[in-house]
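Chains: A, B, C and D, in written order; residue numbering restarts at 1 for each.
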Amino acid sequence: MPARIQQAAFDAGAEANAFAAGLAGAGAIVTFTGIVRGDGGLLALEIEHYPGMTLRAVEAFVDAATLRFSLTDALVIHRHGRLAVGEAIMMVATAAPHRGDAFAAADFLMDWLKSRAPFWKKEIGPSGEAWVAARDSDEDALTRW
Amino acid sequence: MPARIQQAAFDAGAEANAFAAGLAGAGAIVTFTGIVRGDGGLLALEIEHYPGMTLRAVEAFVDAATLRFSLTDALVIHRHGRLAVGEAIMMVATAAPHRGDAFAAADFLMDWLKSRAPFWKKEIGPSGEAWVAARDSDEDALTRW
Amino acid sequence: MIDVLYFAWLRERIGLRRESVETQAATVADLVAELRTRGEGHDLAFADLAAVRVAVDQELAAFDAPLRGVREVAFFPPMTGG
Amino acid sequence: MIDVLYFAWLRERIGLRRESVETQAATVADLVAELRTRGEGHDLAFADLAAVRVAVDQELAAFDAPLRGVREVAFFPPMTGG
């Protein structure tokens, strides 16, 4: 299952090990884990998503990465709902015969998840709530690929 | 402890979780794990190293990466001795407030470990043993930084 | 009948997660023009279309996308996942 | 007295992990010239210096590095870790 969208917390290390155990012929595994940072007194993050669309969109990115980078396998886990500071938001794992492909594919997946997967983050702080604005740099990052 | 050189196998997922648990302020964690591939009937890999020099060299690379990429923390584990196909050879973990730094630092550390850490790999196959030749591309990769 | 969905601050401004709309609109842009007449919240939500993204039948689309045969249109701000 | 260490195929060709060498060599290159006279294995190991790397007191160094005060010199092929 190349992608999972879930409210529940996940164990990044256990997921990485399960991912690695299912591989044959990989020489390189890259994982990326995104964590809620407590900058500016942030209390929690609320992540909204588009249930009908999210999983298919993420799976399409995984398929694109797999085709483009000679991957052995790839995995995306992305949470929604309320997340406390320090919790893992999402993770990407990529496996390839060679490390260049594994690194590039993880970077590629992160760029697409940031700007094209239907998730929206709201920051909940001591003085109120605010939707996170998309950054031009995230959009620009897509032109790298 | 930013670097460990060891003969014993390690649990990449457990190491990644322990690394993550010790962080404060990181928004991004990248891990790289190198695995012994069974290409061409390879039976095992024998990794020799230079005990007096290895740990200090690897720690120096970690220090350089930490200075250069605004890291929260970094870890390198590298094994020596005889490794079977499918076993993890080494891992790198990097943590940073932002993902660009975490990715770049992991890539940087891999480039330095490949070409400047005193490890030598010997491939043990069905028809004999042969030292792995360094590739020009690995040496060239250092000029990126 | 088209199901219209709203996410993030568009949902909050409009005060709805979804609504069913009887429309003859030919394109997403035409639909937006109709939706803006539904009230102040709708009008405000669509005031700056540069800040709005659209998906047609759960695929990202442009505002000139045709609506013939379409069952679901979703409006939301630029995505901020990852 | 300098401790001279060999790794990987240099170790195998020379048949030694380390040896203590009494030398007045001024540089690594001078030391290599002396070592090559120690036997066929030594001579063969240093036949192509482009394929040999050196560390002086456990720091990577060049063949023209001076040996004054040095305690340990290691010879090995290009590294292949990671």
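The rule is short, and it goes like this: contacts are C-beta pairs under 8 Å (C-beta built on N, C-alpha and C of every residue); 3 or more make two chains touch, one makes a residue touch a chain.
Treat the numbers as computed from the prediction; the structure is a model and nothing was measured.
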Taking each chain's C-alpha mean as its centre, the one farthest from chain A: D
Euclidean distance of C-alpha centroids - chain A vs chain C, Å: 26
Separation of mean Cα positions, chain D and chain A [Å, integer]: 49
Junction residues of chain D - those touching two or more other chains: 82
Chain A residues counted as touching two or more neighbouring chains: 34, 99, 110
Set of all touching chain pairs, with the criterion as stated earlier: A-B, A-C, B-D
Chain B-touching residues of chain D, taken from the complex the two chains share: 5, 7-9, 11, 55, 58-60, 72, 74, 76-82
Of all residues in chain A, those that touch chain B in their complex: 11-17, 20, 23, 25-39, 88, 97, 99, 102-103, 106-107, 110
Residues on chain B engaged by chain D in the complex (per definition of touch): 34, 47-50, 52-53, 56, 78, 89-90, 110, 113-122, 131-134, 138-139
